[in-house]
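All remarks here apply to the structure that follows.
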Amino acid sequence: MTVVRDVLTAVLFPAGAVFCLLGAVGLLRFPDTGSRLHAAAKAQTLGLLLVLLGAAAQLPSRHAPVLVLVAVFQMLTAPVTSQIVGRTAYRVDGLDRRSLVRDELAERLTKDGTPPPGADTGPPDHDADR
Amino acid sequence: MSRVVRHLPMVGWLWLLWVLLWGSVGPVVLVGGLVVAVGVVVAFPLPPVPGWAPRPLAVVRLLARLFADLVGSGAVVAWQAVRYGPRTTAAIVEVPLRADSDLLITAVAEVTTMAPGALVMEIDRGRRRLYVHALPVRDAHDVEDRRRQARSVEDAVARAMGQPLPDRAPDDDAGGNPS
Amino acid sequence: MNTIDLTLSVVVGVLFAVGFYLMLQRSLMRIVLGFIVLGHGTNLLLLVAGGTPGRPPITDGKAADPARYADPLPQAMALTSIVITFALTAFLTALAYRSWRLWGNDEVRDDVEDRRIGTFAERAGHGERERTPPEDGR
Amino acid sequence: MTVLYAVTLGVLSAAALLTLVRLVRGPSALDRIMALDVIVTLVIAGAAVGMVLRDDTTAVPALVVLTLLAFIGSVTAAYLVEKREGMR
Amino acid sequence: MRPTLLALPVLLPLLGAGLSLLGPRRAVIRGLSGAVLAVVLADAVALLVLADRDGPQAVHMGGWPAPLGITLVADRLSALLLTVSALVSLAVLGFAVGQGTAERRERSARVFHPAYLVLVAGVSLAYLSGDLFNLFVAFEAMLAASYVLITLDAGRNRTRAGMTYTIVSLTSSLLFITLIALVYAATGTVTLAQLGPRLAELDGGLRGALALLTLTVLGIKAALVPLHFWLPDSYPTAPAPITAVFAALLTKVGVYALLRTETLLFPRTGVWPLLAWVAVATMLVGILGALAQDDVNRLLSFTLVSHIGFMLFGLALFDVRGLTGTILYVVHHIVAQAALFLVADLMVRRTDTAALSVMARRPTPGALVAVLFALPAMSLAGVPPFSGFVAKLALLQAGAGRGGAVAYLLLGAAVLTSALTLYAMARVWTAGFMKPPRPARGASVRTRGARLMLTSAAGVTVAGLVVTAGAGPLARLGERAAQDLLRPQAYRSVVLGEGER
Amino acid sequence: MLFLLAAHAVVAVAIRWGQRRLGRAVWPVAALVPLAVVGWASARAAGVLDGAVHTASLAWAPSLGLTVDLRLDALSLLMLWIVAGVGALVLLYCRYYVERDGGQLAALLLLFAGVMAGLVLADGLFVLYVFWELTTVVSFLLIAGRGESAEERRAARQALLVTTAGGLVMLLGFVLLASAAGTQRISAIVADPPRGDTVTVAVVLVLVGAFAKSAQFPLHGWLPAAMVAPTPVSAYLHAAAMVKAGVYLVARLAPALAEVGPWRPMVLAVGLGTLVLGAWRALRALDLKLLLAYGTISELGLLTALLGAGTRTAAVAGAVLLMAHASFKSALFLSVGIVDRRTGTRDVRELSGLGRRMPVLCAVAVLAAASMAGLPPLLGYLAHEAAVEALWHGPGLAAHGWLTGALVAGFALTLAYSARFLRGAFGGPVTGAVERARRPEPGFLAPVAVLSAAGLVLGVGYAGTAAVAEAYADVFPAGPDGPYELKLWHGFTGVLGLSALALLIGFALHLCLRRLPYGTARRLPRLPDAQAVFERVLAGVDRVAVAVTGRIQVGSLPVYLTVLLTTVVVVPGVALAAAAPTLGSPSAWWSPVEPVLGVLVLVAAGAVVAARHRLTGVLLAGAVGYGVAGIFLVRGAPDLALTQLLVETMTLVVVVLVLRRMPSRFGPGRTVTRARLLRAAAACAVGVFVICFALAASAARRAPAVSAQQVRHATEAGADNVVNAIVVDFRALDTLGEISVLLVAAVGVVSLVRVRGRGLARRDGQRRRAAFPTAHWDEPAGTWLPGAKERPGGERSVLLEVVTRLLFPSILVLSLFLLFSGHYRPGGGFAGGLVAGQAFVLRYLVGGRADLGAAVRVHSGVVAGTGLMTASAVGLLPAFAGGAPLESTVVTVHPPLLGTVEFATSVFFDVGVYLVVVGVTLKLLSAAGVSLGRGRVEREAAS
C-alpha cells in the first residue's frame, strides 16, 4: 500500500511541479494578457491539482478528502477568475490584437454597431510603465 | 415544505463539508455539523438552485473528460509557452449555445475554460453565446475546431446535470439582449 | 545561538529600509505602502528574532517537550501585531481618501502656521514681526 | 522520498521566481493580478508538499482558505481595473 | 473583589464601547459613557487606597500566573495616574458633550463615544499593564482611538494635521514593536517584572543600547525634543476637548511608560546625563516654540512639549526626590494642561478667534473665564501656591540635592523655562482679558451646552486647586511611589510570587 | 497668627461679594483687619522686643519643606506694624479717594495686606517664596486694573515678569541654600549659617531676586512704570509694603549670610549705586508720582545697603529708615493722590499755588518731605545720622571713603528732589486749575496727617524708636566702640559735619535748579534706564523664539520623520557600536526554501519603491505579504501564515475599494535629489541598525523563553494549538485590545470616508470611460443573489453570481470550522471571522450593496458591538464570579446522544473576536459602499 502511495506521489509531485514551472514560463513568455491567462489558469491549476493529489496520497485518509476539497474549490474558482480578468483585459485594451488570428467578438460588436474602441488600430501602447 | 426540500442538497453539502473538514465522524461533529449547516442556510437565505438533478454516470464521465482536458490543455499551453512564447497566436471564437439556463451556461463556461487552450472571455447571456479566447489558433480551420469542441462540452455538461438541451442554438437576432 | 539566520536578517533589514524609505515620502499612498511593508518587517522580526524555528506549536493533546516546537509566544504577538497593522492600514487608506477628497490630492502638506513662522525666521532682522490671523481661524 | 520533495519544492520555487518577474514587470495591472494569483497557487502547492515533508497535517484545512483568498483578491482587483481607466 | 477592581478600568470601557455601537440614541450613549467613566474613577480611587495601604495590587488575567499570562499591576504610581486621568477624562467628556464635538450629529456620537471609551480603556491598560507587549497593545488601543478622534468630522486642515499625527504615531508604534522583538530576542520574556533581572544578565553595552532604544521609542510618544515635532502640528487643530484629553493623557502615558520601563527594566544609580540634556532641550525648545506662536492652541501645545522636560528632569536625576518631583509634575500637568485647553476653547468661542493678535481686539470673554484661565495658567508657570509650584519645588529641591554640573544645568533650565512660561501665559492673558469689560457678543452663554462646558472646565480647574490643597498627602504619596519605583522588589514579588518561580 | 492671615482672605472675599450692600463702607470694614493686626502685634510688642518669639505652624506639604511656619520676632514686628498700619490708613484714605465700585480694589488691597503680613511672618524659605510671589500676582492685578490702556497692560506685565523672574532666581537660591543648610527654616539657618560654594551661588541668586523685588538698579524699571496704578496702590505697594519685601529679605538673611563672599560687595555696590542714581533720576521727573517713585528706588537702595551691610549700626540705621520711609513716602504719595483727585493733574508744570489753596495738605507734605530729606528732628534725620556712622566707621566694611561719599551724594540729591517736590506741587501763585480745586475733607486728609506726624513723633521720641530698631540690630555684634545709640544729638562729630555738608550741597543744588524752568529738567543727563533694556530683552526673547522655532519646526513631515529615525538609530546605535557585542554565528538559513521566499519578498519590496501606480504598489506589497506568509509557514507558524494571508487579501480588498476613485498614479515626486538621498540613507541606516541589533540581541539570549511554560500548560487551557491558547487564554487581554483597535479603526474609516461637500477632488481627472458595449451582456436571467438585481447590468456576471451563490454558504461553514477548531489547529476566531468577512466581501463585490444588505440584515455596528461586548463580558464575568478576569474553564458535559463534550469557555471569547472581525469587515464594506453609492448616483445623473 505504501509503495503504491509512494509511486503515486513520486509521479504526481514532479509532474505537478513541472506544470507549475511551465505555466510560469508561459506567464513570462506569452505576448499579451489574454495568452498569459491561459498559462495562469491552466498550467497552474493543473500543477496544483497534481501536487494536491500527490500529497493526498501521502497523508492519512482523514486528511486526504480535504485536499480534494481544495482541488474542487480551485477548479470552481480559477475559471471564474480567468473569465473576469479576461473580459476586463478585452474591455480595457489589454489584448494584443495582432496576435489574434480572428476576433469574432469584435466582429459581433461591429455588426451590432458598437465596434470596440481599438478594433482596427492594432494593439495599444500599454507598456508605458516599463 | 417544498422550500425545505429544495434547500436540502445545500444542507447536505454543507454537512458533508463540515465533516470533511473535521476529518472525523464523532457524534459531536455530526450533530454540530447539522446545526451549522442548517443554521447557515436559515440565517443566510439564498434562492434555491433550480434544475439540478445530476446523473452519476454522466458526472463521472464529465469528470474524466475534465481531467483529460485539463492535462491536455495544460500540456498544450506549456508546449506553446516553451516552443513559441511571444509568437503564439490566438483567436476569439464565438460559440452559440443551446442551453438556456444560468446554471448550465455557467457550468459550460467553467468546463470550457479548463479545456485545452480555451478561455471564456465574454458571455452573452441573452443571445446564449460564449466568446472563447482560444490558443493556439493558426487558421480558420482551427477556429471551427474550437467551436465544435466547445459545443461538445456543452453536451457533456448538460448530460451530467440532467438538463435537456433544445435542438438548436438561437439565431443571431433571436433573444436579444436586455439593454 | 541566534534564532535569526542571515537570510532572514537581510530580508528584515531590507523590509525596514524599504518601508521607512516609503514612509518618508509625501504621497500618503506611498506611506500606506511603506507602513504595510514595515508591518511585514516588524512581524517577521518578531517571529524570527524572538523564536526558535521548529514544528508548528500544535501538540497532540499531551504535555510535550517545548523544544520541538517553534516558539509560540512571538507567533501570538505577531498575530496581534498583524491585526493592528491591518486595522491601521485601513484607517490610513481612508485618511488618504479623505485628503484626496478635500485637498484634491493625498500629499502630506507642510504645516501652514509653521511655514509662516519659518518665513518670519528667514526675515528676522528685517523689521517688525507682523502677525496675520491664520487662514483657517476657527 | 525526501529528495523528491526537495526537488518538487525546488521546481515550485523556480516557478515562483519566474512568476515574480511577471509580477514586477507587469506591464498591466491584470498581469500583476494574475501573477499574484499564481504565487498564491504556488504557495498552496508548496505548503502541501511541506506538510508531507514534515508529516504535519494540522494545517490542511487552512489550505481551503487559501484557494478562496486568491479568488476573492483577484476578482476585487480586476473589478477595480475595469472600473478605472488606466489603473495599473 | 480586587481582581475585579483591577480589570474594571480596562474591561468596562470596552464593554461600554461595544454597547454604544448597538445603536442606542444619543442621550443613552451619553449617559452610558458618563456612567462608565464615573465607575472607572471610583474604581481608580479604590485602587489607589488599596495600593497605598497594602502595596502593589496585581491580578493575573485569565488566572495564569506570570509569566504565563498577562498580569495587571496597580502600584501607587499607576493607581495615582489612573485616578487623575479618569477624573480628567470624565470632565472632558462633559465638555465635549456640551461643546458638541461628541454629538453634533447622531453619527458623530456613534463615532465619538466608542472611540473615547476605547481611548480610556487604552490609557487605563497602559497604566496597569505589567507586560511589555500588552503595554504596546494598550498604546495601540489608545492611539487608534486618538486617530479617530483627531480626524472626527475633519475639514481640510485637520485632515492634514491628522496625517502628521497618525503617521508619526504609526512610526513610533512600529519602532515599539521592533523594540519588543529585540527585547524578547535577548531575554525570552515580555513580563516587566521578569525583564529587569533578565536584562541585568545581559552584556552591559547591549543592555545600554536597549535602554536607549526604549528611551527614544517611548520618547516619541512623550514628545521629547527632538522627537516632538509632530505634536504642535497636530494637537492644536483638534476640537478642544480632544486636544485637552490628548494633551492631558496621551503624552503622560508616554512619560509613565518611560518611568516604568527605565526604572523597572534599566535601573541605574547615578544621574542620567543624556536624559538631562534631553530634558533641558525639551524645556527650552518647547517654550521658545510657544513664544513664537500667535495661535493660542499652538502656544499651549508648545508649552506642553516644554513641560514634558520637567517630567524628564526628575527621571534624569534617578533618585527618590527626583522621581517624586516627576510624579507630582505629571499629576499637576494632567490637570492644568487639560484645564488650559478647555478654557482656551471657551476664549476662542467667545472671541471667535484663536489668533492672539486678533483676540486682543475682540471683547473680553468674561470674568469667569478669566478666573478659569488664570488659575491653571499660573499653575503651569509655577506661580505659588498652585500645584505647578509644588511640583517644581520638588524638582528643584531634588536637583539641588543631587548637586553637580548636570543637576545645576537642569535647575537653570527649569527656572528659565518657568519664567518664559509665565511670559507666554501673560501674553495670552493680555490678549484675552486685559481690556475694557465690554460684554462678549451673545455667545449664547445660557444654552445647556455652554453651561456644561463651563462646568466641566471649572471642574478641572477646581481639581487643580484640590491638587494644590492636597499637596502634602500627595507629595508623601508621590515619595512612596518613587521609592516603589526605585525598589521594585514588591512589584516583582506581587507579579511573580515570592520565591515560587 | 494663622487666623489673622486667614481673616484677610475671608474678609476680602466677603467684601467683594457684598460690595453692593456695603457701598463706601467696604473701606472701613476692610481696614478693620489690618487694624486688628496692628493691635495684635502691639499687644505682643513688649515681649517680642525683649527677645520673646511667637510661632505658629500649619502643615501643607511638609515633605517638600512647605510648612506654613510663622514666627513673630523683632524684625517681623517692625514690618508687621508698617505693613498693617500703613495698610489700614491707605484703606481708610480710599474711602474718599475711590469714587465708586471699590469692592474689587478693596478686596485686592486687603488680600495684599494679608499676603504681605504672611511674608514678613514666614519662617520658611519656601513659604516666604509663596507669599513673595503672591504679592507679585496681587500687585499685577492691582496695576493692571481693568487694563483699559495699553500703558497699564505693559506696566502690569513688566512688573509681573521682572519680579517673577527675579523671584524664580531667588527660589533657585533658596533651594540651594536649603539644600546646603539641610533645612529651610530661616531661624535655623540664621542660628547655624551654612557655608560653601553652593551657599555662595545661592547668595548671588537670592540677592538678584531681592533686588528685582526692591527695584534695585538695574532691575528698577518696572517700578516707575507701575505708577499707572491708582495712587493708594502706589502708596501702599510701591512705597510701604511690597517693595520692602526685598529689603526685608536682605535684612532677614544678613545675619546669616553677610559674611559670605559676594554678599557685602553686591549689597553695598548695588544699594548705594541705586541710592545715587535713583535720586538723580528723581530730579528729572515732571510727574509728581514719578518723582516719588524714583525717590523710592533711591531710598530702597539705601535700605538695601544698610540692612545688608551686616553690622549693628547699619542695621539700626536700616530699621529706622524702614520706619521713616514707610511714613514719609506713603504720606507723600497719598498727598499726591489728593492733589491729583482735586486738580486732575500731577504734572509740576501745571500745578501752581496749591500751598495757598490747601495749606493743611501743604503742611503735612512739608513735614513728610523734611523727614525724607533728613532734617532734624524728624525720623529721617535719625536714620541718616546712623547711616553715615555705620558706613563711615563700620567694622568689617572696606572702602569707607567711597561708601561715605556715595551716601553724602545720595543725601544731597535727596534733599534736592524733596525740595523740588514741594516747590513743584505747592509753590507758585494760584492758577486756574488749582483755583477751582475743592479742598480735601478732614477724613481724606487724616490718614496722610497721621503718617506724616509719625515721622515727627518717632523722631522726637527716639527712645522708643531705638528700642524697636535695636531689638532687631542686636543680632549683630556691637562694634569696638560699643553699641551705637540712636539719639537726636551726639555732639559735634564728623558725622554731624557730613550730614550738614550733604544738606548744604543738596540745598545748593536745589537753588541751582530752581532757576531753570521745569522743562529743562529733561535736559539733565539721562542715566542708564532699565526700561529700554527690558523692552530689548523681551524683543530679543521673541526674536530668538521665532528664529529657533522657525528653523526647528519646519512643518514638513518627511523632515520630521527623517530626524526622528536618525535619532532612533543614532542614539542607541552609537551605544551598540561602542559596546560591540557579539553578533553570534547565525546560520545562512533555516530551510532552503527561505532564500527563495526571501528573494520573492525582496524583489517585490524593491519594486514597491519603484511603483508609480497605486494599484501596482498595492499588488506588490501584497506579494511581499504573501512571501512573508510563506516564511512564517516555513518557520513553523501556520497560524501566523494563515492570518497573514487572510489579512493581506483583506488589505488588498479594502485598499482597492477605498481607493478605486482616486487617480491611478501617485502625485508627481517633486523631491530634490539630495533630500531623496538623505531619506534613502536614513532608511538604509534603520535597516542596518535593525539587522545588527537583532543579531546581537538574539545572540545574547541566556534564559529559556517563557513560552516553554506555555507549551507545557496548553493542555490545562484545553488546547492543542498553543498559539491559540495564548491568543484566547494566556494573553487574551492582548487580543481584547487588538479587537478594540480593529473596531475603532473601522469606525474611523467609516467616519473618514463620509466627506461632506465636494472638496477639491478634481472630477475632470476622473474621466469615466463609457461602459464597454459588452458590459450588459453578462446579466443572469434568474435570481442567484437576492440583491444583485439592483446592480447596473454592466457590473454583473452570470458566472460570478452562480459561483458566489454556491460558494457563499460553504465559506461560512469554513469560517465556523476555523472558529471552533482554532483551539486544536491553525485558525481561531480571528481567522474564522476574516474568512466569513471574505464571504461578505464576495457578496458585496458580486451582488453589490443591496445584496450585502440582503445577506446581513443587522447593522455592522451591532455585529461588531456585540462581539466586543461578548469578549469583554466574558472577561468580566469570571471576575464577578470570584475568579480571575478573562479566566477560562474547561467544561465537560455529557449531553444525551453525544457522549462526552469537552470545551474551554474561552471559545466564547473567540466567538466575540469572530463577531468583531465580521462586524468590522461589514463596516469597512459599508464605508466602501458610501463612495460606491455616490459614484453610481453621479453616473446616473450624468447619463
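The first chain written gets the first letter, and so on, giving A, B, C, D, E and F; residue counts start at 1 in each chain.
In this section, a contact is a pair of C-beta atoms (placed from the backbone, for glycine too) under 8 Å apart; a residue touches a chain by one contact, two chains touch by 3 or more.
These numbers were taken from a predicted model, which means no experiment stands behind them.
Engineer: So which chains count as neighbours of both chain C and chain D?
Structural biologist: Output, common partners of chain C and chain D: F.
Engineer: Which chain has its Cα centroid closest to the overall Cα centroid?
Structural biologist: E
Engineer: Measuring between Cα centroids, which chain is at the maximum distance from chain C?
Structural biologist: Following the centroid criterion, the farthest chain would be B.
Engineer: If I rank A-F and C-E by number of C-beta contact pairs, which comes first?
Structural biologist: Between A-F and C-E, the larger count of C-beta pairs in contact belongs to C-E.
Engineer: Based on mean C-alpha positions, I'd like to know which chain lies farthest from chain A.
Structural biologist: Chain centre farthest from chain A's centre: F.
Engineer: How big is the gap, in whole Å, between where the Cα atoms of chain B centre and where those of chain D centre?
Structural biologist: Computed from C-alpha means, the inter-chain centre distance equals 23 Å.
Engineer: Can you work out the whole-Å distance between the CA centroids of chain E and chain F?
Structural biologist: Centre separation, chain E to chain F: 15 Å.
Engineer: Please compute the C-alpha centroid of chain D, do the same for chain F, then give the distance between them in whole Å.
Structural biologist: Averaging C-alpha atoms per chain gives centres 59 Å apart.
Engineer: List the centre-to-centre spacing of chain B and chain E in whole Å, with centres computed as mean CA coordinates.
Structural biologist: Between these chains, centre-to-centre, one finds 62 Å.
Engineer: So which stretches of chain F touch two or more other chains?
Structural biologist: 542, 546, 549-550, 553, 555, 557, 561, 565, 613-614, 616, 634, 638, 661, 690, 694, 697-698, 701, 705-707, 709-710, 721, 730-731, 734, 737-738, 741, 744-745, 748, 752, 759-760, 774, 778, 797, 799-800, 803, 806-807, 814, 817, 821, 824-826
Engineer: Among the residues of chain C, pick out those that touch two or more other chains and give their numbers.
Structural biologist: Only 3-4, 16, 19, 23, 43, 45, 49-50, 55-56, 58, 73-74, 77, 80, 84, 87-88, 91, 95, 98, 102-103, 108, 111-114, 117, 120 qualify.
Engineer: Show the residues in chain B shared as contacts by 2 or more other chains, in ascending order.
Structural biologist: Residues 17, 21, 109-110, 120, 122-123 of chain B each touch two or more of the other chains.
Engineer: So in the complex, the part of chain F that touches chain D is made up of which residues?
Structural biologist: Its residues touching chain D are 592-593, 596, 599-600, 603-604, 607, 613-616, 619-620, 622-623, 626-627, 629-630, 633-634, 638, 641-642, 645-646, 649, 652-653, 656-657, 660-661, 664, 721, 767-769, 800, 807, 811, 814, 817-818, 821, 824-827, 831, 835, 838, 841-842, 845-846.
Engineer: Mind listing the chain F positions that touch chain B in their complex?
Structural biologist: By the definition above, chain F touches chain B via 774, 776-786, 793, 797-799, 801-803, 805-806, 808-810, 812-814, 816-817, 820-821, 855, 897-899, 901.
Engineer: Touching residues of chain D toward chain F in the complex: what are they?
Structural biologist: 6, 9, 13, 16-17, 20, 23-24, 26, 29, 32-33, 35-36, 39-40, 43, 46-47, 50, 58-59, 61-62, 64-66, 68-69, 72-73, 75-77, 79-81, 83-88
Engineer: Can you name the residues of chain A that touch chain D in the complex?
Structural biologist: Counting only chain A, the residues touching chain D are 6, 9-10, 13-14, 16-18, 20-21, 23-25, 27-28, 33, 36-37, 40, 44-45, 47-48, 51-52, 54-55, 58-60, 63, 66-67, 69-70, 73-74, 77-78, 80-81, 84-85, 88-89, 91-92, 94, 126-130.
Engineer: Would you tell me which residues of chain B are touching chain A in their complex?
Structural biologist: Going by the criterion above, the answer is residues 17, 20-21, 23-24, 66, 70-71, 73-74, 77-78, 80-82, 85-94, 109-110, 113-114, 116-117, 119-123, 129, 131, 133, 135, 137-140, 142-143, 172.
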